[in-house]
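The next part holds the structures, each set out as structure tokens.
The following pair of complexes shares a single chain, chain A, combined with chain B in the former and chain C in the latter.
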Partner chain A sequence: MKSIITEPMIPKPFRIHRKLKETHDTYTIELESTNGADGFPFSAGQFNMLYIFGVGEVPISISSDPSMPKMLKHTARSVGTVTKALLNLRRGDILGVRGPFGSHWPVEEAVGNDVVIVAGGIGLAPMRPVLYSFISHRDKYGKIILLYGARTPEDLLYKKELELWRGRFDLEVKVIVDSASGNWRGNVGVVTTLIPRIQFDPLHTVAMICGPEVMMRYTLKELQNCGIKNENIFVSMERNMKCGICLCGHCQFGPKFVCKDGPVFCYDHIKELFGKREI
Partner chain B sequence: MNIAILECDHLQILLDVLRKRGYQVIGPTLGEGAIVYSDLNSTANLPIGWTDEQDGGTYRLKKRNDKALFGYTVGPHSWKKYLLPSELRLWKIKRNGVSFQIVTENEATRKFAFVGVRSCDIHAISVQDKVFMNGQYIDQHYTSQRKDTFIVAVNCGKAGGTCFCVSMNTGPKATFGFDLAMTEIIEGKNHYFLVETGTELGAEIFREIPHKQANEKEKCAADDILRKTAEQMGRSMDTSNIKDLFYRNHEHPRWNNVAERCLTCANCTMVCPTCFCTTVEDVTDLMSEHAERWRKLDSCFTMDFSYIHGGSVRASTKSRYRHWITHKLATWIDQFGTSGCVGCGRCITWCPVAIDITEEVHAIRESETVIGKQKTIVKEDIHANTGTLSGRTSFFKRP
Partner chain C sequence: MQTLEPYLAEHPFLKGLDPHHLNIIVGCASNVSFDAEQYILHEGEEATNFYIIHQGKVALEIFTSDRGPITIQTIGEGDVLGWSWLIPPYHWHYDARAIEPTSAIALDAKCLRAKCEEDHDLGYELLKRFAHVITQRLEATRLQLLDVYGVH
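Showing the complex of A and B:
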């Protein structure tokens, strides 16, 4: 598909409709187009470049429901100059949006299969659109399993939704934290330890992983041990990005450009690169 | 293809015709102690009678004993100075109550005529064309600048000390991508150019300049010059299976060796005619009412280049050099279907510590064959029970 986009470097203004506090340093901002009517079609797993007036731009994955393109949600953790400025914005403020960019999760390809989603930390954000899609077409899929690991119970994202999903009979949701105080009654440990505790049909399972690279590395091994084929495992990569349109060269991952070929990769296509140091 | 003779004195007419047609004529001039690209209104501004001496980390201007107009090779500049400017404002933005308004740049693009483009640089321009004009997204600025560029190629009458276009199959003769291509010939008192037209526009412009048909003798003279140039290459590189060579050797002791020398100064990426990486910078006025976004050339040798939350992906010098050379010679082929190296030798000349891309390729390739040979020797030793491996222990010693 070849589309010549005339001015993909120009941000479009969006208004902050709502700002939700997820954890002490992580917020979800809901954006609506300033000219009202326009929707913002995207696929689960894609990202936008968010521009804060005079501060700069950051790539943030879209965490809202792809079937509701009028309301765009982004969940960001305040770690750098731009994300700090982003999360200081208030309801009614305007920011710039460029996108959506990149590849998406194999939502269509997974039809008829079991699905295992493994997320670490803020890696749950790009997974939420997938979960929305699966839930709204629940009968098209086999088992749907979400394994989610965070540092502490306080760092868990989307707590209300997690509880809602966990309460459903047709979803299996397991949550684990690295460390917790005495009043945590849930699992403690790394997310990979949840994998032996779930059951799925390994030959008909699509796995999707998003989290820190080291977490993805060990999760991969564990899933491969269960017998999931490389071509059915998908990971979301992160690299520095400036343009989002494959022209600035920053997001190179071996021969791949994360902004164009990724961020979602089929593991089979990057197995030679994945896990190599400093690539 | 029409081949004609242009007397040296008539070159000025070509420049005048180009200017009359609205081109900003750019060509090699003397400046900053080197041969650099700049506005060229008169042939008198060409580095007449000068040449350059190049080697790893060395560049010197030297007088020639003739009045050659193009008797040198490439300097620190490349044509990306004009096609991919080091600084470019992408847009301005004005705060408008709670909203903002973006003003895109409406700069009238200039029509460039590049005079004296070497074959390696034509290849470099064609490599950048693939990056900026062939993908899913198009670079607007580059494309608009590029489509009006008139190219007068000059075939190299001498090779530089760091040149290896013959190895990369990119020279010394320009074979495509030009409107006019000239070979400078000096035979005693005769000083003329053998001119080949590459495009209809080139032919049209050339018709306005006094010229005569070339005879066989003159054509042979040009061929001889190019043959000699091809034999003079200062460097060479074995490019067979080069992509796999790098993919195989992501871990190799040579990377540590080169990291001991590399200063991560980014000179190689700045002088490279194909390096295209850019970053963006946002600036505001003091009132925070106006802001601007600038695109600036960037280099994969900086720490910031690969920074993501938690640290830089390529923190070590070794990984940054490896990324650069692997991109040039291997991953570029997967990305754009062509090598990212055109054999111009600039990165060798302008590296302050004379790191040599051809030497690094050679070292990695050699180490494989030496290790291969060593394995065979060991095998033979087992059978013959004689011989030693002495002198084979320091494959990766610094040259």
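Showing the complex of A and C:
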């Protein structure tokens, strides 16, 4: 689904409909347009610039279902001035939304293939829309596997949905945490160690990775070891984005701009840039 | 009677091993099973076996007086549990607890150490394979130490 943004630098007012606590420092906020009739078409993987009046603007991935454009959801972690202010807003408060910006996950290109999704930490947020899309068109895909790594069991996002997804016979969901107390019955270790435990057809698999860059680096290696081709691996990059429309240059990534050419890139197109210290 | 040989011959850890060496290993192997919550090994105890997990899930734990048992890693089907049997003084460095009903093949450490001393080719083969496992675990541990999901 392609949206047409007529005035990309002008924020549209949205009202906070609900605010859900995901972890001690991460919330999902549900936004509805102040003009209730307006939908907000977007594609899985795109992001919005959220403007907290008087504080500033921050790029946040859309984490809701693309087939339900009237309710926008964003999951954000309180790490800086703007995200702290964002997460201090309450139900009924108004904020500005610009977007949607950027590229999207290859949902259509993956049709007929197995899909391996690897998410780390808050990287599950931009993956949730793609999971919704796959689930709603489940018969179009082969195996769908989600591997999700987090710091501790308390840091897992979307716990209820994870349970629902794990309960489905047509999804394979494996969760792993870096450390846990003795009460945790799940996996402990790094997300890359889950890759040898899953089975898929490497020649007909599309892999999508989102998480901290170092995690993506090691995940790439494991997926390549399994035989997935670079052109079938997609990563979501993160850089400091300001304008969202490729004007300001803040998010320059070599010859590319993360806000417009990304955030979702085919790994084959950025393999020379990925992991370079100078970029 | 079915022996463990067909399973061990196909296991990734032992695949490609010289048949003579595989026979020696099969001679030191036995089937074992553990209930959920049962401890397989305890820190400080003598490392009398190592295990190839056939089915189930095992937590490697370190006990701390203030936080209780901390799980540092879980391993499962196809993984190898334990390398302290290779390194003097042959004592476990952590606890291992089955968190699901777990079946495994136990390899008698004393038996294997003696065979490795007699046949250095077997010893070298096993060490190479364990070095690979240890390297993978070390890489994973380094990544865990980076705390990549934390706020930095």
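The criterion applied here is as follows: the second predicted complex is superposed on the first by the 272 of 279 C-alpha atoms of A that agree within 3 Å, B and C clash if a C-alpha of one lies under 4 Å from a C-alpha of the other, contacts with A are read in each partner's own complex, and residues count from 1 in each chain.
Everything below uses one rule, namely that a residue touches a chain if its C-beta (ideal position, glycine included) is under 8 Å from a C-beta of that chain, and two chains touch if they have at least 3 such contacts.
The shown structure was predicted, so the numbers you read here are calculated from the model rather than taken from an experiment.
Judged by the touch definition given at the top, the superposed model places A:G121 against chain C, while chain B stays out of reach. Applying the stated contact rule after C-alpha superposition, one finds that A:V79 touches each of chain B and chain C. Touching more residues of chain A than its counterpart among chain B and chain C is B. In the superposition on chain A, contact of A:A150 is made with chain C only, not with chain B. In the superposed model, A:L164 makes contact with neither chain B nor chain C. Contacts of A:L203 after superposition on the shared chain: neither chain B nor chain C is touched. Looking at the shared chain after the overlay, A:M68 reaches neither chain B nor chain C. When the two structures are aligned on the shared chain, A:T34 is found in touch with chain B, with no touch to chain C. When the two complexes are overlaid on their common chain A, residue A:L20 makes contact with neither chain B nor chain C.
Once the two complexes are overlaid on the shared chain, A:R239 sits against chain B while remaining clear of chain C. Annotation: chain A residues 77, 79, 212 touch chain B in one complex and chain C in the other. Those residues of chain B whose C-beta lies close enough to touch chain A in the complex are 90-91, 93, 95, 98-100, 102, 104, 131-132, 135-140, 247, 250, 276-280, 282-284, 288, 291, 298, 300, 304-310, 313-316, 318-319, 322-323, 327, 330-331, 334-335. Those residues of chain A that touch chain B in the complex are listed here as 1-11, 13, 34, 53-57, 77, 79-80, 92-94, 96, 212, 238-240, 242-243, 245-250, 252, 254-255, 257, 260, 272, 276-279. Of all residues in chain A, those touching chain C in their complex are 25, 77, 79, 120-122, 149-151, 155, 176, 178-182, 184-190, 192-193, 197, 211-212, 214-215, 218. On the chain C side of its complex with chain A, the touching residues are 57, 59, 61, 67-74, 76-78, 97, 99-100, 136, 139-140, 143-144, 146-151.
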